[in-house]
Amino acid sequence: MLRDDIPRGSVVTLRHTSEVLRGNAAGDPHERDVIVYLPPGYDGSDRRYAAVYCLTGFTGRGQMLLNDSAFTPNLAERMDRLIAAGTVEPMVVVMPDCFTYYGGAQYINSAATGRYEDYLTDEIVPFVDENVRTRASRDARAAMGKSSGGYGALIMGMRHAAVFGLVCSIAGDCYFEYCYLQDVSKALRAIDGDPAAFMRRQWEVEKRSKNDFAALNFIGMSACYSPREDGGFDLPFDLDTGEVRDDVWQRWLEHDPVRIAQRYADDLRSLKLLFLDAGKRDEFGLDLGARILSRKLRELGVPHLHEEFDDGHFNISYRFDRSLELISQNAA
Amino acid sequence: MLRDDIPRGSVVTLRHTSEVLRGNAAGDPHERDVIVYLPPGYDGSDRRYAAVYCLTGFTGRGQMLLNDSAFTPNLAERMDRLIAAGTVEPMVVVMPDCFTYYGGAQYINSAATGRYEDYLTDEIVPFVDENVRTRASRDARAAMGKSSGGYGALIMGMRHAAVFGLVCSIAGDCYFEYCYLQDVSKALRAIDGDPAAFMRRQWEVEKRSKNDFAALNFIGMSACYSPREDGGFDLPFDLDTGEVRDDVWQRWLEHDPVRIAQRYADDLRSLKLLFLDAGKRDEFGLDLGARILSRKLRELGVPHLHEEFDDGHFNISYRFDRSLELISQNAA
Amino acid sequence: MLRDDIPRGSVVTLRHTSEVLRGNAAGDPHERDVIVYLPPGYDGSDRRYAAVYCLTGFTGRGQMLLNDSAFTPNLAERMDRLIAAGTVEPMVVVMPDCFTYYGGAQYINSAATGRYEDYLTDEIVPFVDENVRTRASRDARAAMGKSSGGYGALIMGMRHAAVFGLVCSIAGDCYFEYCYLQDVSKALRAIDGDPAAFMRRQWEVEKRSKNDFAALNFIGMSACYSPREDGGFDLPFDLDTGEVRDDVWQRWLEHDPVRIAQRYADDLRSLKLLFLDAGKRDEFGLDLGARILSRKLRELGVPHLHEEFDDGHFNISYRFDRSLELISQNAA
Amino acid sequence: MLRDDIPRGSVVTLRHTSEVLRGNAAGDPHERDVIVYLPPGYDGSDRRYAAVYCLTGFTGRGQMLLNDSAFTPNLAERMDRLIAAGTVEPMVVVMPDCFTYYGGAQYINSAATGRYEDYLTDEIVPFVDENVRTRASRDARAAMGKSSGGYGALIMGMRHAAVFGLVCSIAGDCYFEYCYLQDVSKALRAIDGDPAAFMRRQWEVEKRSKNDFAALNFIGMSACYSPREDGGFDLPFDLDTGEVRDDVWQRWLEHDPVRIAQRYADDLRSLKLLFLDAGKRDEFGLDLGARILSRKLRELGVPHLHEEFDDGHFNISYRFDRSLELISQNAA
């Protein structure tokens, strides 16, 4: 909610029809909105801008970045302020929609959710470059996000460094032992032996129980990390006892940035900006994930910036300021 | 977020310039948006509709009722569903903006915030009736809200029964001893002797501390219940010791629905619908507030409906369903 | 649990038969243990010692002050340490048992619990002076306690300054609006319309629900503050709606130290030590209670010491150190 | 705290001088109390009794089982009640002291804490049989405990089935991934790079911070599971990043009942009673640990009883009733 009298950018909603999402196993729409923030001065000029792709956390999608709140600016209002203050250059911000029936997509391809990694890199990026006056080069294109969005940004930096030359991960999912395993018992109780029934209730009943988020999170991550060919997915624990299923867990670890960074070391080294950020009191231990990843990166000789701030995992959108500032400084 | 294939209504944003808010002491804008949900079928017909004014809780404004969320429909999506299910008749929903520098207005007139009671009844209602095809009568006009919005709905039913013939209060502020006094110690700590400095920080710093909400709530309510002629306000407790200031507290109690219901008994008896709703585990004891008010109403011979549901104060927008259903059944 | 090699005092348990508690309405025993800590050097000397009466909080009794704990000394171990460190002089510590069926007695006389104020001042003090080598004068006799025990100490200082010349209240119950009213809704839910049945369950069933303590606290305080002649008691709120019963609440306020201090101003002024202590984050707002009482005392010209420490209401037995030190310095 | 008029047993404290604990690396005393509950009727008869060894949880020792509490019987009072009710036969209950500088010993031998497994089986059991009229046979000797005490009971059943023929584990440490790893981030923050300094503070400063227990727990378990020959110990995570140290973690897993049950399958099969109990909402996921262990036992053909109750990990001493009843029924 705004009280300041500064130049305002505008928000446009582009409708995009996806080929790669068509017929996805989760039954989610392949026509989706791509929301784009255009900075003050965009109209009436022919200037080209750096583009920041802001990836939302689990259960989010681009639209939510524009939700109205009393004392916290939404992403468009935040950009207006940062630009007015001279902290960041005018930039375009892209807010894609990668929400799924299971709560999210982790911005990777999965037989259970859909090919969201391809969707982002092969379809949305060219589509935006076609419809918006971006500087259409990897050196002026950033991926930024918090939590699962930070994870997605890291994936972009590892597997798509030719597309995204700048990467900011705020409390991105890392070191899966800590960020996920702590919640098995809660998830088990809420799932109560039947993940499909749980998902139906999730969509049909609004009232939530306190273990429901843990259950949804495990189901959502399973749909991304351990899908089956038939469009289903395997949970990484036994539904009766909660015991870790080692084979499934190994498939999860194949997606852990800490484990796979080495494989993409050259790509990571090529980035113009790689920023790891996390709150020192992150409830999911993602500050530890960032520390562990940072150490791996140092061992691999990957230049990066690693910061910590005095907060937890929630209500930290004010940390976008730091990422946006770094992107603005490093974009070519 | 929607997965169902049902007829969709539309949302229009009307711009309104207020006379009564012009030059308000809080320095808030007098030009504001009035957001209106139009049901499916509105366009291409000349039908007139009942109108529900949905009043938001403290720190809210109309726009927030349309915020996007993963598994919870916003108010427009909720209406689409209820209409599609046949639970409610097509109705118009009006979402006004009564947000202020202090977090809210309780929908009453105050020398510190502005004349929001007049704004709503004297300006917004006629403005909506002029611009939207409502059935412009009190028997087809409802005030509904949760928390401070429920309080506002009760105020409308007591002082403006000629304007709003139907009233639904979900966990509306009632019996001020319980809903406010429990938080004095938290508020005192956060305010730290200087309410004005606290408010400046509230607007300048995004990071919140855990006692901040209690502080804001006390300041906001003071701006509404115990304003001074000079545009300032008096807190109901001593800033050093926390002791209740009896004279200020008496001014607060002059706004407690439980205390003032008797004064407006005839108006309340004239309502076509008066619905009190609250969660049995309301963290602010507002279920007790509703019980106490319900008993007063019985003693006064005011017909009303009183229900409780098994939940607390937060994340209960699903209870709008019950209020909207009752409004639909009782609107003429 | 002790790891230090220092002189140890001893603990003796004296059996006392009370006349004033005989036939009490609550059916509690009138024969009780009085536990006394004797400092190192007590045996084999004829020295006389100052005596500290340590009053436990609600649901406590003297025996609990000697409970074994891993990293926190019990009261005897604490005394050993403070004496060995030279922080306090060798003193006797008396730990009386004023527990009742309702959880406590607030150290006052009540038709529902028993005459515990008389029990302490008329029976236990003389009994101890007879059986233990105390300096049997009010200038060498202190009342000290936390929470309800701090309340009891204040009562001793107000009504029995001729018996206890030194008083230390750590987070003692004060300013009843804040310390009690915040829990009405929890208590109401747990009591569920039948206080007697609640008490029976309390004694029969070990498993507790989360609102049970609030219920017990209200019942216990009612037994102390608003007993009836027939041995029953009145709760200060309506059992259906939770509304405050003003007549009963007035009887409670007649026991609030903040309200009655004025009546005993001369007695309070006569004390050799009056110490008010509280944690700045006390969950029951008792730091505010202490501040308000301190201001009243200043207005009444009652010399006293008022401190705050950075903690809450629980696990603060380490603050006994400060009270014991002050008692040692001020006892004659 | 007792209100019932039933026959009371007695408690004796035996002083024992240990050879195996003499000169332990932690510097803890080798002279310790062994507390023994003798049932009503013990004196004045020559009857011999079954003996239950009750092992305390982490940070506990035998003495704490007799702590006084308002509405919860201590272990002696509990036995009195169960015997009076006819639920259990008169039995002796032994409460040993295996507390250490690091908070506990897990009832196993360690170069960092001491040989507590030997202490219990080679010294305390014979000592008790010599000094108390027990039926000195494994079929009349039970090990029972909660949390770390339940872990100890399982160890007795696996490695000392010739000594203890009956075993009851209530929420015993099992499946270390869940019961320990969830707290690494808290522990890391509190340890702050220096475990030895943390332990010194633990003993010197009474005021605790909220992450301290997690830190103490990790240090204590490391002292038991991953001691070094020099009397120190290795933490299972990197002190800078929190990353799991695989080699240390493997040493921990060598102590996980779920992993080592197979090795002791014959011993376990020989037990007269093996009871696994846990609360369905155990905050450390120990209900899952019990489920996983129960499945392993079934696969190994080990007869046992597995129950769950509707509660968490804390304040569940009432569940001793069930274990004691089963021991009474199965002891020979």
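Letters A, B, C and D mark the chains in the order given here, with residues in each chain numbered from 1 onward.
The rule is simple: contacts are C-beta pairs under 8 Å (C-beta built on N, C-alpha and C of every residue); 3 or more make two chains touch, one makes a residue touch a chain.
Because the structure is a prediction, the values reported are computed rather than measured.
Between chain B and chain D, the least number of touch steps comes to 2.
Note on connectivity: the fewest steps through touching chains from chain A to chain C is 2.
On a Cα centroid basis, the chain most remote from chain D in this structure is B.
Centre-to-centre spacing of chain B and chain C amounts to 45 Å, using the average Cα coordinate of each chain. Averaging Cα coordinates per chain places chain C and chain D 35 Å apart. Contacting chain pairs in the structure are A-B, A-D, B-C, C-D.
Contact residues of chain B toward chain A in the complex are 1, 3, 28, 59-61, 63-64, 66-73, 99, 101, 103, 202-203, 206-208, 311, 315, 317-318.
If you check the complex, the residues on chain B that touch chain C are 175, 177-178, 181-182, 184-185, 188-189, 240-244, 280-282, 285, 287-288, 291-292, 294-295.
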